[in-house]
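Chain IDs A, B, C and D follow the sequence of writing; residue 1 opens each chain.
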Amino acid sequence: MSSALTDLQSTTLLQFALCVYGVGGVGSLAAIRREKLANLVGFGSGTVAAICGIGAALLALIGEPADGARSFDLWPSLIPFVRLSVKLDPLSAFFVLIVSVLALALSIYSFGYVRGFYGRKSVGALGALYNALLLATTLVFTAGNALFFLVAWEIMALTAYCLVSFEHEQAETRNAGVLFFIMSHVGTGCLIVGFLLLFQASGQALGDFSPEAYSFENFRALGSNLSPGRRDAAFVFFLLGFGVKAGIVPLHVWLPAAHPVAPSNASALLSGVMIKTGIYGLTRVLFDFLGTPPNWWGITILTVGTVSAVLGVLYALMEHDLKRLLAYHSIENIGIILMGLGAALMFLHTGHPVLASLALIAGLYHTLNHAIFKALLFLGAGAVLHATRTRNMEAMGGLIKRMPKTAFFFLMGAVAISALPPLNGFVSEWLTYQSLLQGFGTTSSLVKLMFPLSGAMLALTGALAAACFVKAFGITFLAQPRSEQAAQAHEASPTMLLGMGLLTVACVFLGLFPTVFLTVFGPLTQQLLGQPLPGYLTRGNGWVLGNAQELGGTVSTLGILLTGLCLAPVPLVLWLFFGRRTQVRIGPTWDCGLRGLTPQMEYTATGFSKPLRMIFKALFRPHREVQREYDYSPYFATTLRFESHIEEAFVTRLYRPFKRAVLLISRRMRVLQAGSIQAYLIYIFVTLLLLLLVAL
Amino acid sequence: MNAVIAILLQTVLLLALAPLISGCIRNWKAKLQNRRGPRVWQPYLDLAKFLRKDMVISEHASWIFRAMPKVLFISTLLAGLMVPLVSASAPLSLFGGALAFVGLLALGRFFLALGGLDTASAFGGMGSSREMTISAIAEPALMLAIFTVAIKAGSTNLSQMLLAAQGPTWQLLNPAHVLAFAALFIVLLAETGRIPVDNPATHLELTMIHEAMILEYSGRYLALIEWSASVKQLVLMALLVNIFFPVGIATNLSAVSLGLSLAWFVAKLLVLAAAVVLVETTNAKLRLFRVPDLLSAAFILATLALLSTFLFQ
Amino acid sequence: MNPPQSELASQWITLLAAGMLVIQLLMVVQRMLLTNIRLFALQSVMLAAIAATVAASHANATHVYWVAGLTLAGKVFFLPWLLHRQVRRIHIEQEIAPLLNASASMLLCGGFTLLGYIVARPFTSLAHLGNNTLGVAVTLLLTGFFLMINRRKAITQVLALLTVENGVMLAAVALTAYGMPLVVELGIFFDLMVAIMVLGLLVYRIRDRFSSMDVSKLSELKG
Amino acid sequence: MSVLVSILVAPIVAGLLCLLLPSRRAMALTNVLGFAVTLGLSLQLLPAVLQPPYAVTECDEFFRADALSAWMALLISVVSLGSALYAGRYFRRDLAAQAVTPGRVKEFYVLTPLFSGGMFLVVLANNLGVMWFALEATALSSVLLVAIYNRKTSLEAAWKYVILGSLGLALALFGTVFTYAAAIDQRAATGLPNFNWSHLMAIAGQLDTRMIKLAFVFVLVGYGTKAGLAPMHTWLPDAHSEAPSPTSAMLSGVSLKVALYALLRFHILTTASLGTPFSQTLLLVFGLASMCLAAPFILVQTNLKRLLAYSSLEHVGLICAGIGLNSPMTIFGALLHMGYHALTKPVLFFAAGNIHQTWHTLQLRRIGTGVAKVLPWTALCLGLGGAAAAGLPPFGLFFSELTVLSGGFASGQTAATAILLGAILASFCGILYQLTRILPGTPKVARTTDASPLDGVPTMVLMLGTLLVFSLWLPAPLLEVVRQAARVIGGLP
């Protein structure tokens, strides 16, 4: 198809998708009274819009990259300074693809999930907020100028806040919502400063400060007249602003608080997509606007990425609330993505565009993979929550027998997130390893030591993630049910299973056929780095994934899987040859002679993570408390109460003292308004005298 | 076509040789403790016995319990196929290098731990928790050692690493190689559950890690698990031996050179096995919370190896 | 330049201005409410006299006579009568202890006089009738302000406000050769009357709610 | 064409008419009609102001309306109409609850038109003395409005309001006299100098700079007190929280801005005559001080109406700082902000009024959580209004704040703009933190509200609707007026 045709289709499809989101939102709000209709309208339109979004993104990515042809004005701009220009360049198209794929799966999932809210909460409002969040996120990805970007960004934060505090009966939800909204708005403040610094530079370059100076084209064309001082300041503010939304370690505190309290389809959306807006922002600014970066940018992002990854997984290990565990894992995966981006920046500085494009592809591919398997896990957790009415893993167990399909999907998600071979997590972490490995040879200074060390930390993160998900899957799904609700849990409804199934298929496809998908990155690296797809990325006529080096290591998950299938008959042959006459007997588990195992004797999530808690006790500072009540002698306790918790370092060391200090100062300031009229008159008198001295 | 033959041959070699090595280790350890100890080919008999016995499966177990042995067995075999044993180019070297090797071992371990948890017994849970902890702490040292060698070879393909290390034998004694070997040796002890980290022979609930996970397995499944454990041990030893002392590896596929390199390979394996036996008999089992110190020592060794690649050039 | 007026008029105006300043200082130390009201009336008389002399000495400043007359009628007779009635109705005599004792406040008023003259110094060079009274006007303003801060009785605060008003009117006379346009003067005067009536109404309502006129009781609204 | 005179006459007539009318409904109707007339007239004034002489003058230059005053007149009429519409239901419920006597209600209906009439006079008067007189009139009429509830606290608030207000106006009068004196000097001729603002602007070049500087200081402290700038703002939270909701809406919504308008007239005069950025830096300093002072008070506030009062302090500070930054973009943003704030603040006060009448308290802790469950529509309007006041996008305040910020960055004053942004963020967090303490969640005790939860809601929805419409679509004449007003402040004709 000629490129003009594909461009036209992709823009019309995108426009249609945005309109359907809008219509869906308004429709489900209008039908707020009739829940079934609202559910259908809201999530039905979500599905349709998602499909159009996927179509638009794929067309934009696969069609020839005719630059600039794909921008259009969403609305004739009525306000003098905001031009609602939407631009679909390869980077935006990639992220629109992510949001649309997720929207499709989540909308299908939500049909079933929302039935739990009938009668309890207003389904129309949930549908409206859900569509509004998707609309705002898609606009964030495709905004063409800074003002429209900030507007979409803020509306996204507002709708996300409403979604997070959707079930606002509990105080915990309200506090989480407020913490989220305040931190994200402070982040937006930093973004505003960053964009205005760029606006200042582009205004001076253009000569006048018209609304045109906000457009991303002018930012891109800044190049030389962006002074180094202003560039570094802009970088710091952008890192803070986007870092808060992405959940980088020092600014991550809102994430484990906000995601668990949101309804599961919303928290899947938050974790899968809204965090990626931070990554999109960083990529757009660092690779598109700020030109060739100095060395310390790359080092900062690489360090921050490594620290976020390690701390994210360590805190995740200690959680026994299923959704908080998944939220912490989002921080870990964001860390891995930032490792890729940081490495790419360092390669750009040392002038290795091929390696930079490899690292960038590693980072962005992991963004896509994380979006998909994190959403899958959240949907699984949502189904479990829906069935057992609790998020506490200690009260679950044995769900694999009552919810076999959900268990299978959760297991596939767990294998993917732990970066185990056949699935997509492994492929993107493999690419990250390769880019870190080749980074060692690029510079002579001691900085090159950072690459292997962050590689080692990535390995540590991967292994800890595997441990964490063995715990999560094992304690939740395997062995005996530990509580009454877990015993009566029922399988998720078909639409929920379909949603999860879709994401699992996506995981498998992205895992087995990475070379097919990597062609999508061609126009993207061309736009950002001016570098076509690295030569040796796809080898062995499309089967094998290389690492852009002639002699470099290669991997082919498809090959591994097929060889594994070829080896499958070996145990079968052994069975035929030796054990045909053997029987299989179902017996009780070995209970050391006691009268049968009770669920209380099983291993608990806290127990499972005890060794790691002891090893990293400097970080966690665990606190455990055992109270025993006894009648006659302490050795024969009647009741035992055990309570243990770890200390979230950032909350107790950084945020709580800061909040206490702010409130203290504010209360101290109240003495200014102490009620006596004499004091007020003295204020005016002193001001008058000071001004007189100034004016003389 | 010869790729398929190479895969088959290597699989047969792996399956045949693995029990022999663990048999030798067990026998020599007994001899050192002046006991007669089981015969060297005892593991083969055990495997045959297990294959013929009936199986008892716990009532709480799910399909994961049944799938785990097969997945473990196949993933360990696949990892083995990626390591060059006798010929310089491993059969599956195109499909995966060092990272895929580590990934496949991790996949096996992941399902092994799940299998342990499935039977609702406290031992299984304790075993899986400790196994995952120790492997997590060992991972950075393993990865850093591999990185050191891969950086010298310029690629993570194990065959490339082997060819890069071919040079004259005295060149093998440079500090980077020695330190990386030491780090990997400690990781070998941790991964295969040897004495300082875990006691393979014991049934004392509190001390066993690897044993605890497979406590509930019997019959055919236990055979598969034991076999894959010994294959894993063979594969790790082969990695150690071939990457750091690539002496006598056949580069062409003629029968004579293959036979000669097989002899060299078995000899080197037995020397390494002797080293492992020596370590096992002279050391007592470490307390669980002392093992991380050992593994961080391995990590320090690997870092030093990395530093020495460019400090002493 | 203005037509040469007799030396007598400017001397006479400076004298009256000085008189106003002296009365102001007396009010600062005076504790009795009724005497304060009478002092204020006296001060207004002097202001009216100044206005009269200005009107007399200029040919076309006839409207200043109106100003003088109004000041006389309003500030000398009507307002003091109103305040008197208010004081008698609430029958409070004694002003309670002010914020600063007499000597400290006198010292401060000296300081304000100094500041007043520093402020007014660059403008005294304008050679037209009565400009040397600008220093007095500024001092009256500052001292009236200080009186307001110093006293705790509502009525005294109203009086202090009136003295500030006198200071401003004196400045108007001093700075502008023939005072401000009549419509502005009328407006200001009328506003003053309404203001005092509103203040009186408020004082009465506060009186019957708080049963005391101590302003420091009015401090419930905090934060 | 006596548009200006009729704008002034309409409210005064309405006020006097209310004196005679017996029933409360009739008085409410007259008020609404009066303000509707003023709204129509000021809308009619808008195009008239855009023709080249850019000013409409009547009775030989006594009344003068340029773009700035036309914009202010529009805001005054919008806010007054809004509060008149709301006052009807508000006082019906207050009378039912015997919180206020019928005499006081009549007092309200008489004084409110006089109050807004005074404000119209301020914006339309050309003579600076008359402007002072009009401001004094607004002050006096609003004092009795504040003291309508004869409670101790409202009397205290009224007393502080009148004392500080009159003192401020006395200082402002002193400043005005100084300006007049500066005009006199160079006119040695016998004729009295013309005290009209337009005339003074014409001869701005020859005014005595030292005197103008001193005059601006006094005017800044005087009118600054009435406008509630930082150190002189202490009466603002008391007066706005103790007044009945319609009055506090007018006080917060527009009366602060009218005093700021008077200060701006002198600022324009001083900049024209001095040429140095003396008055701009002072405005910027006081604006920033107000914003930075408001933030902590918002954060630890316990009373709902005081919270809204401090939020008005912050917004007026933003407008003043915007004009202090003195680049065409920031002034345009500040004026736009005036308009949007005038639409947002009344909605918040009306919602606070409803909550006050239902819970009979303004203490946030005693209102407790769950307002959304008891008064769903009022809570929705309070939420949306709060979002608008905090500066969230769908509403116009976000755009005006962003214009001020980008203007600040464009003109190179990065540090001041950064402080401005910091203050905006701090007060955002404060407002959000406080509103989420009461809006969501489950109510502590089921409120048996006698009145229907739909009281006063149509007015709020109407004003929010207008805000939303004008946030998304700025019609040409309105935009042109604000641009022309920005040019006026920037020093052009």
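FYI, a residue touches a chain if its C-beta (ideal position, glycine included) is under 8 Å from a C-beta of that chain, and two chains touch if they have at least 3 such contacts.
Computed from a predicted structure; not experimentally measured.
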Which chain lies at the heart of the structure, taking centres as C-alpha averages?
-> A
Would you mind pulling out the distance in Å between where the CA atoms of chain A average out and where those of chain B do?
-> 36
Cα centroid separation between chain A and chain C, in whole Å?
-> 71
Return the distance between the CA-based centres of chain A and chain D, expressed in whole Å.
-> 45
Centroid spacing, where centroids are CA-atom means, of chain B and chain C in whole angstrom = 101
Two or more partner chains touched - positions in chain D = 159-160, 163, 167, 171, 214, 237, 297, 300
Chain C: which residues touch two or more other chains?
-> 119, 145, 148, 215, 218-221, 223
All touching chain pairs, where touch follows the definition stated at the start = A-B, A-C, A-D, C-D
Within their complex, chain A touches chain B through residues 398, 400-401, 407, 411, 415, 418-421, 426, 430, 433-434, 437, 440-441, 449, 452-453, 455-460, 462-464, 466-467, 469-471, 473-475, 477-480, 540, 544, 547, 549, 551-556, 559-560, 563-564, 566-568, 570-571, 574-575, 577-579, 582-591, 597, 599, 601-603, 607-612, 614-615
Chain C partner contacts - residues on chain A that touch it in the complex = 670, 673-678, 681-682, 685, 688-689, 692, 696
Considering the complex alone, what residue numbers of chain D touch chain C?
-> 127, 129-130, 132-133, 136-137, 140, 143-144, 147, 150, 152-153, 155-160, 162-163, 166-167, 170-171, 173-174, 177-178, 180-181, 184-185, 188, 190, 192, 195, 210-211, 214, 237-238, 241-242, 297, 300-303, 306
Across the complex, what residues on chain A touch chain D?
-> 78-82, 147, 150-151, 154-155, 158, 165, 168-169, 171, 174, 177-178, 181-182, 185-186, 189, 192-193, 196-197, 199-200, 203, 209, 214, 662-663, 665-667, 669-670, 672-673, 677, 679-681, 683-684, 686-688, 691-692, 694-695
Going by the contact rule at the top, pick out the chain C residues touching chain A in the complex.
-> 99, 115, 118-119, 145-146, 148-149, 152, 215-216, 218-223
